[in-house]
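Once you scroll down, you'll see the structures, which are given as structure tokens.
One chain, subunit A, links the two complexes that follow: it is found with subunit B in the first and with subunit C in the second.
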Partner chain A sequence: MRRIYILALILILASLLFFTFYDLIQPKEFIDDKAQISEYYIEHGVKETGAINLVTAILFDYRAFDTLGEATVIFIAVSAISLLATKERVLVSDTNFSPIVYQGISFIIPFLYILAFYLIFYGHLSPGGGFTGGVVIATTFVLLKMTFGIRYSKEEKSLQRRSLIESIGALGFILVGILGIIMGDNFLANEGAGFHLGIAGQLLSAGVIPILNLFTGVKVGSGLAIIFHRLVREE
Partner chain B sequence: MQFIYLVVIILFCLGLYTILMNTNLIKIIIGINIMDSSLVLLLVALSYKPAGTAPIIDKQYSVIVDPIPQALALTAIVIGASITALMLLLTIKLNRYYNTLDISEIRRLRG
Partner chain C sequence: MIQLIIYLLLFFIILTAFFAVFANSLISSLIALSILSSNLVILFVILQAPDVALAEVVIASGITTGFFIITIDKTGGRR
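And then the complex of A and B:
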């Protein structure tokens, strides 16, 4: 009986969604008059921010305050998980892997760090950015934890260090924003805050964007690492 | 016909079906993630233009897809990841307390 109710509910929802998207589903010519803000970003984005990657330009310049809120969401998740996490003993896996796994993971970790910092520092030139690079940094912690988990000691200390790094990331983001106010412009201003935009397309360009990318990457990486450690903690 | 929106509708309804039909908490979290993914797919589909390239300005490309929905999709992904982590933590705690993942066996959650 319950199954019939659920199926009916889902059919009603599907038909409602279908009629909502009916205009979009129809084949039609693409009209660009609805996208005036996007046209503005595409035409003036490179000149105003110095970043040729427009998604990064929007994330860290036009809507940088929104990105600060986004980073705060991760911070809140880390805080809630650290508050709620159990102090009991949880084992990830007590199996011993073969030496190939240990050697392979040890071999791959430095390259993962190179990839992560490439993604962070080239965020304004190519796909990637602070969030992606931060997730790759967190992946290295997850790999280390899963393979060397049992023998990896000094956990509490590294957790404190990671929490310190995350706080530095958040503080740095806010301080860069306040610098804009001190220089007489908006919060998180780019060119108005005295940052040199440089030539678009070069590594050292786009003013404030690589700095914010670095802070965001460090913060996301350490935050996700803390989340993983709290979820699979061993004592 | 643009089938991508039909795919979005089907994915959303499949996610909801997973949430409503299953009693296993892990499967419910997977259903919520499927709904989340369908919304990200909708945002990406909205930014599509025919023959458009990725929104990285280069002189040899003139048609560029809309960059704003992609920035919003990043927000959606980050918040989805945070919510998933919180849900998994609460699942771990429920499993520790009641020793089951089945919500129909957890009496206080029965509705």
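And then the complex of A and C:
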């Protein structure tokens, strides 16, 4: 009986998904009201924010408050998991991999770090951004701990340092937002708060967006690493 | 041609979603979810959304799978 309910639910959701993509494949005429806002972003986005990646321009300038909310969701998840999974002892994984795995992971970790920092620092120029780069940073922690065992890094000190780094990320994001208020504009204002936009397309441009990217990446990366660390502990 | 590829991907997404719900062991349904998000990544790239594709490939088929594996292992749901 339960399976029939699940089947009906799946059919409804699948038909929703199908019709969404069906409209995308054969686009109908857009209603004018819907087309106006996207055309505004396409026309004025680069001029107003200085970021040539319009998705990042919307995420970290026009809708930066939503991004703050997304980062707060990760903070809440970290708090809840730290509350639920507080075990003292740590299970040392006894799994022995073949030397190929150890050497391969050691070889690939620096490249993953380069990818993560590229995604964070070039977030306003190319696809990517702070959120994605932060998750890649957390993935390196997961790979290291899965391969070399939990005791590879010093336990409590690194955890405290990581939660400190996460708090610095969250506080930095909010402080940049409050700076906009102090300079006489909205919360998280970019150009209106007097930040120099620079030439669009250069690395140091787009005013406050790279700083927000960096804070978001640091916060998401350390937060997910803390979640993994808490989950992997065992009595 | 591109429409055929999109239809195939959508069909495969629905197939893996069915498998993820009706699979017997949690690990197999987890792997099916991972394959689903990989297909979704290809679909996003075809539909020219590289930002969403990057987020999907890193979060959905990367770190979520790892977290789920640990959680299933710890709660003893592995059958």
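Note that in this section the second predicted complex is superposed on the first by the 190 of 235 C-alpha atoms of A that agree within 3 Å, B and C clash if a C-alpha of one lies under 4 Å from a C-alpha of the other, contacts with A are read in each partner's own complex, and residues count from 1 in each chain.
Everything that follows uses one rule, which is that contacts are C-beta pairs under 8 Å (C-beta built on N, C-alpha and C of every residue); 3 or more make two chains touch, one makes a residue touch a chain.
The model shown is predicted, which means the values in this text are computed figures rather than measured ones.
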Is A:G180 touching the first partner subunit B, the second partner subunit C, both, or neither of them? neither
In the superposed arrangement, which partner chain does A:F131 touch: subunit B (first), subunit C (second), both, or neither? both
Partner chain in contact with A:V142 - subunit B first, subunit C second, else both or neither: second
In the superposed arrangement, which partner chain does A:L119 touch: subunit B (first), subunit C (second), both, or neither? second
Contacts of A:R63 with subunit B and subunit C, given as first, second, both or neither: first
Between subunit B and subunit C, whom does A:L231 touch in the aligned arrangement: first, second, both, or neither? both
Based on the superposed arrangement, let me know which partner A:G221 touches: subunit B (first), subunit C (second), both, or neither? neither
Greater residue coverage of subunit A in the superposed arrangement, subunit B or subunit C: B
Subunit B versus subunit C as contact partner of A:I10, first or second or both or neither: both
Residues on subunit A lying within both footprints (that of subunit B and that of subunit C): 3, 6, 10, 14, 17-18, 21, 24-25, 53, 55, 127, 131, 224, 227, 231
Which stretch or stretches of subunit A touch subunit B in the complex? 3, 6, 9-10, 13-14, 17-18, 21, 24-27, 30, 35, 37-38, 41-42, 45-46, 52-55, 57-59, 63, 66, 70, 73-74, 76-77, 80-81, 84-86, 88, 90, 125-127, 131, 200, 224, 227, 230-231
In the complex, go through subunit A and note every residue touching subunit C. 3, 6, 10, 14, 17-18, 21, 24-25, 53, 55-56, 119, 127-129, 131-132, 135-136, 138-139, 142, 146, 224, 227-228, 231-232, 234
Note which residues of subunit C are touching subunit A in the complex, please. 3, 6, 10, 13-14, 17-18, 21-22, 43, 47, 50-51, 53-55, 58-59, 62-63, 66-67, 70-71, 74
Name, in rising order, each residue of subunit B that touches subunit A in their complex. 1-2, 5-6, 8-10, 12-13, 16-17, 20-21, 49-50, 54-58, 64, 66-68, 70-71, 74-75, 77-79, 81-83, 85-86, 88-90, 92-93, 96
